[in-house]
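Have a look at this one before I ask anything.
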Amino acid sequence: MNTLLATHGLTGGYGDFQALFGVDLEVREGEVVALIGANGAGKSTLLKTVTGLLPARADQVTWRGEPIGGARAERIVGLGLALVPEGRRLFSSLSVEENLLLGAQANRTRARKWHLDSVYALFPILKEKRRQPSTSLSGGQQQMVAIGRALMSNPRLLMCDELSLGLAPIVVREIYDALPALVEDGMSVLIVEQDVQLARRVSQRFYCLQEGRVSLSGASASASDADIANAYFGVAA
Amino acid sequence: MDAVRPRFEVRRATRASRIASLVLIALAVVVASMPFWAGRDALRDFIEIASYFVFAMMWNLLAGYGGMVSIGQQAYFGLGGYLMLALANFAGLSPFVCVPIAAVLTAIIAVPVSRIAFRLSGGYFAVGTWVIAEVFRLGIANISALGGGSGTSLTGLGDIARSTRESITLWLALAIVVLATALVYRFLRSKAGLALTAIRDDAVAASSQGVHVAGTRLVVYLCAAAGAGLAGALYFVGNLRISPDAAFSVNWTAFAIFIVMIGGLGTLEGPIVGTLLFYVLNKFLSDYGTLYLIGLGLLAIVVTLFFPQGLWGYVSRRFGLQFFPVGRRLVMLEPGAPNDASAQVPLQPALQPISQPTSPPTSQSPSQSSPLPRTR
Amino acid sequence: ASGRTIKIGYVSPQTGPLAPFGEADRFTIQQMQTVLKNGIRVGGAMLPVSIIVKDSQSTPNRAGEVASDLILREKVDIVLVSGTPETANPVSDVCELNEVPCISTVVPWQPWFFGRKGDPKKGFKFTYHFFWGLEDVIGVYTGMWQSVTTDKVVGGLFPNDGDGNAWGDAKLGFPPVLASKGFTLKDTGRFQSMTQDFSSQISAFKQVNADIITGVVIPPDAKNFLVQARQQGLKPKVVSIGKALLFPSTLEALGDLGEGLSTEVWWTPMHPFKSSVTGQTARALADDYEKTTGKQWTQPIGFAHALFEIAVDTLKRTKDIDSNTSIRDALAATKLDTVVGNVAWGTGPVPNVAKTPLVGGQWVKGQKTRFDLAIVNNQLAPSIPVSGPLKLLS
Amino acid sequence: MTALLSLRDVSKRYGALTVTDHISFSVSEGETLGILGPNGAGKTTLFNLISGDTRADSGTVEFDGREIGALAPYARCIAGIGRSYQVPRPFGNMTVFENLLVAATHGAQHSEDDAYALCVDVLEHTGLRAKANRHAGSLTLLDRKRLELARALATRPRLLLLDEIAGGLTEAETHTLVAEIRRVKQQGVTIVWIEHVVHALLALADRLLVINFGKHLAEGAPDAVMNDPEVRRVYLGLEAAA
Amino acid sequence: MTFVDIIVQGVLLGALYGLFAMGQSLVFGVMRMTNTAHGDFIVLLVFGLVALTGYAHLPLALAIALLLVIAFGFGFALQYIVLNRVAVRDPLPSLIVTFGLSIVIQNVLQQIFSADPRSIATGGFESASVSFGALTLGYLPLVTLLVTIALTFAMQWLFGKTGLGRAFRATSDDRDIVRLMGISHRRTFALAMAIAFVLIGVAATLYAMRTAVSPSDGPALLLYAFEAVIIGGMGSFWGTFAGGICLGIAQQIGFHIDPGWGIWLGHVVFLAVLVARPQGLMPRTR
């Protein structure tokens, strides 16, 4: 399995506020990696930096070995990297369907496993509301649109920030059940998840961030809860 | 409550502010004595500065604090002027007496107007208010008793001795400046001022926290109208001749916007700094006509693009200066209490996107609480 | 008061919509500065003169403000102002209030006098005006119209501004005179300048089929009206309009529509007058202007020049240069032959107003320039030669 | 125990979609009611109807024995209804402390000086004290949610409406949160709590209400409701108790 | 003036207002930018055309074509370099910058062209007309009407049906996230402004044929454009068209009652519509 995305000593933050201190992380083809950590640990910041929404040094982020750090977001996503941002961030003046269609805009080249129908198949409720303004959807429904929108670009790497946030268990279940299917056809997934158990169950490997540093990483199956709790809060909780 | 209450204090005044208040009082005294030592031109300059300043400050109250960005304040400037003039010319009152009366009447007229204006928000509000001003301009232009489109002159002052007239006008101007500033300052420090900022950030959330949004907005709008009326009445007492195009010219608001933006939006110091600067420019460069105006326009653009917080905003962030602090800082007193005065964000917020006065209640768009940095 | 500089303040609209009225200023000022470079002799002493020019930017407020500047900061001895009520009235008001002598012109005297709420019995203390009046323009226009055969039905275009309100005034303006002279006036009412659309006026004029169109409108309105009139099939025989048709530049903008339009004429190179300071004839002055600026002559040249003639003459006759009243007295006593004719106060219709002659002109195809202004009516000023009769519009 | 809040036959439609479909329930003084339901079931809308952010098409909302359906949101807040938003809506340009101050001076109608003490108390209990002078705009998601709770508390509510404040919290954080809410409950505040994090809800709720497609699905004692096969199928997606 | 005549003239006048408003509808409706320089942009392009025909002595057709190209480029650059920095929901920054622009444009034009009004010579076309019985209609107003209708069709299609239109709206909603869709918000906005300027160019051309324009005329045009957009409703070009027509008819009726109150009545009708339907007659985006 060759490496898709990797960060090397990634630093980043907001203006003079530094949130990341030398993070090393890698995602290989077709694997599911979980990124866990307490609130404010820097998970979202990491994702934003990788996708080019926040500045970085070129060599700090590589895509298949190519340095892409600090490149424009609109370029990076063209490479086949999609982000489901924290808090959905749908386009309020577009209908649900238009939101999804826009997602397809990022990709012009790659195979089209994901298109409107397949997304509607994954989230049937969206089909009913396809014509509605996305603002009129419930929190959960909006999350579905956000995911669908990301899928529409048929990314090689799907990055999800706080997927299960505000989702009913049944929906969370549906989504995570869909994961293996996604990975099957070679798509890698990097998920930020607060529910550690869930995160470990669906992922092969995990990284735990603590105050902007990787405090623990490894195979999801092997790590002990004690270690993780420790990595989470610095001291054993 | 069960928990032992920690000791704390809430800091509002700063050292600078205490000094400033003294300085200002001294200044007022100096100005008051001007008729006895200063030249006639100085007197007139002050009167003009005063009306520009009061008008700008009121626009700042409306837009900078109230989040109601209007391009239509000239409506009240003009009304103030015309009401003063009409009272003086027809009712034969002394123009000086007419000034405050005109302001009150202006506010009264603003009540029904607000009902229309408040149907709008954001850009709509801005343009809508402008149109309303036009309605007043065209309306008055069709009243031949007021000279119609050609306007008319203030006759009441002819028979007052020149020096008396000038000193009284000056004192009137001074009184207006001091009063207006004091009132606005007190208002902003009050819990109503607190509500105002909250509304500006998120009206829906504010109302669910018990803030009477519509009420607060109305109060601000009326204050601003009255203030603009004062400024207008004062200006035309000094200028003697009024015409609809001049009185209701959008340039008044344009100048107010420049003044406030250059000085610093959403600060009380801003308009002061802005007015002085604007006035100096106007005095010494305005003879360059077009070139001067081109320069003014460019200045406004540059400042907005590169110093969105305005000159004062820039200074006060740089040196943490504040002459009129309205913010509150909580300071924990018992030792060891985490007191992140170190992690201070400056009390004075930079000019950030003012959330539009009303946003749909169930809108889940996290626009105003987005963790993503806004690209500038 | 020996050796101090005499200061003359000058206000006119050099920028903004009224700028054509100020077009000639730069030329005039330069000319005067050279003429007065070794000063004016006042009461035996030769005093240097400085001219301070301010731009009203075509707004009344600005006009008032700069006038105050001139008086309070520059401490000028006398103020000169020219060009439309929007400029002259506020400046005059400020001068009156600050007790500084002021000479104004290029405003028919009624809008100036009554527009400032003047009282014919009292008059003003410090402000003096010279120009023609509505009675003249009415006389000239009706004269022109009577010289041709029409149905004597007149359509009136009076905007809601200083001039429009005066021209259309039921007592002072066109209506009464036209009635008395057997014309029927169709006045649809005061309209806002910058109106996009005149179809209501046009159809009104069509209904009464007016052969004559008159009014005093700003250039864009004139163009709008004339174009739409032709569009909508209104075919007047005579179009006599003030203000808009004064300046060659606006005629250019009108294109073919411009030919044959008529207007009032306050000054031309043909006027048989001489300057009291340079000795130039009207013709010489106009040629000088065209040579220096490369532009076609315009009517304000003469009056801008005359303002200074009067100012210089007044100052020369002043007894105590440091007393406003003394200057004022000298001004009031003026009797001077200027390049726009004789100016003398006291003989006018109301106090503080002196009248200059007015004739009627028509724009005809020119040799050097696209249009030339030909004088077609001089019944009020026979001394000014006419170059032919008024021709009807084709 | 008397009913503090009671909805009778309340309905709300958006266009063709009926979001709240003849819902009736009541909450008695001091009780804690948990509301469950799939996404889009109409839970937040229910809150909007109670807090006045949206008006019901039909039915009555009574608070403390009086009909409040016509009252504006601010009036309802002053009457004693405090709410938090599912997607936090802080006053971004104000400090955390000032955020609370708004609630305390207007919602709770305190004079500013009395308000200070109240706000400090709330800051203490919601773990926001260290961030008191931060601009709310620069808080993380968690702190924003904390602020939502704190602000609601600062209005001195008799009825507290919580919309998914435990979402996105870690185990440990959830525990502290539950503890805090329990403390509020013990002060006799009536609570209605929407939460997808079921176990957090179960820790406190006296009673559960489950809605689906705006309709009343189940109501009653927590474990009873959680074992209701219908609920398990619709909401948890489990087949009948396994 | 017959009722029919009033309505017909009102529609023709309204078409002009609608045309003024098209560009604004794009800018205001899509970027949510309060552009107070719109009127001055029109005037600017008028003088651009004057320069091309009067000074460069190009044939009219060529000049117009060239003008539209220049307009496109200028609009793109203006947005990309300057206005993008202020294209946020908060109306204030854009409002001030455009205010500034408006003043700069007016005075620069005055500096270069003096305050004299200018217009485009069309060899009498502007005053040619056809008559249907009682009422005679000018060709120019009729052409204006047709052009406006055509542009409305085009814009509605572009905005509602094409990917570009989708991108426009999405960008106006959330300029960060749209980048995650591979769209550069700066480019999108610049493109929108470029198109807006082409529309302005068309308006300027027809306007310059109709009347003499002087550098200070901008603000007067701005309000009509704004009113048409707002009456019609954000982001709906048919709405804008309808808005223009409403305005035209209202003013025409006003003129008929008393020329002094025509424009006034137009404004009042505008306010009335706002009070009755703040979202406009046919809003598309909110």
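Just so it is clear, A, B, C, D and E label the chains in written order, and each chain counts residues from 1 on its own.
The criterion applied here is as follows: a residue touches a chain if its C-beta (ideal position, glycine included) is under 8 Å from a C-beta of that chain, and two chains touch if they have at least 3 such contacts.
Protein identities per chain, from UniProt: A, D = ABC transporter ATP-binding protein; B, E = Branched-chain amino acid ABC transporter permease.
In this text, all values refer to a predicted model and were calculated from it rather than measured experimentally.
Participant: According to the touch definition, list the chains common to the neighbour sets of chain B and chain C.
Facilitator: E
Participant: Taking each chain's centre as the mean of its C-alpha atoms, give the chain farthest from chain D.
Facilitator: Chain C.
Participant: Taking contacts as defined above, which has more of them, B-D or A-D?
Facilitator: B-D
Participant: Please tell me the distance, in whole Å, between the geometric centres of chain A and chain B computed from their C-alpha atoms.
Facilitator: The separation of the two C-alpha centroids amounts to 47 Å.
Participant: Just the number, please: Cα centre separation of chain A and chain D in whole Å.
Facilitator: Taking the mean C-alpha position of each chain, the two centres sit 29 Å apart.
Participant: Please compute the C-alpha centroid of chain A, do the same for chain E, then give the distance between them in whole Å.
Facilitator: 44
Participant: Just the number, please: Cα centre separation of chain C and chain E in whole Å.
Facilitator: Roughly 37 Å separates the two chain centres.
Participant: Among the residues of chain D, which ones contact at least 2 other chains?
Facilitator: Within chain D, the residues that touch at least two other chains are 44, 86-87, 140-141.
Participant: Listing for chain B: what residues touch at least two other chains?
Facilitator: Counting only residues that touch two or more other chains, chain B contributes 138, 141-142, 289-290, 352, 360, 362, 364-366, 369-372.
Participant: Got the chain A residues that touch at least 2 other chains?
Facilitator: 53, 85-87, 89, 92, 136-137, 139
Participant: Under the touch definition given earlier, write down the residues of chain C that touch chain B in their complex.
Facilitator: 14-15, 54-55, 57, 59-61, 64-65, 68-69, 72-73, 85-86, 89-90, 93-94, 96-99, 111, 115-117, 159-166, 190, 192-193
Participant: Name, in rising order, each residue of chain C that touches chain E in their complex.
Facilitator: 15-20, 23, 58, 160, 188-192, 194-197, 199-201, 203-204, 207, 219-220, 222-224, 226-228, 230-233, 247, 249-250, 253-257
Participant: For the complex, which residues does chain D have touching chain A?
Facilitator: Chain D reaches chain A through residues 14, 37-41, 44, 86-87, 140-143, 164, 167-173, 196, 198, 234-237.
Participant: Please output the residues of chain B touching chain E within their complex, sorted ascending.
Facilitator: Going by the criterion above, the answer is residues 63, 69, 71, 116, 119-120, 122-124, 126-128, 130-132, 134-135, 138-139, 141-142, 250, 254, 257-258, 261, 265, 289-291, 293-294, 296-301, 304-305, 308, 351-356, 360, 365, 367, 370, 372, 374-376.
Participant: What residues of chain A sit close enough to touch chain E in their complex?
Facilitator: Listed in rising order, the residues of chain A that touch chain E are 51-53, 72-74, 77-78, 82-83, 85, 89, 91-94, 98-99, 101-103, 105-107, 133, 149-150, 153.
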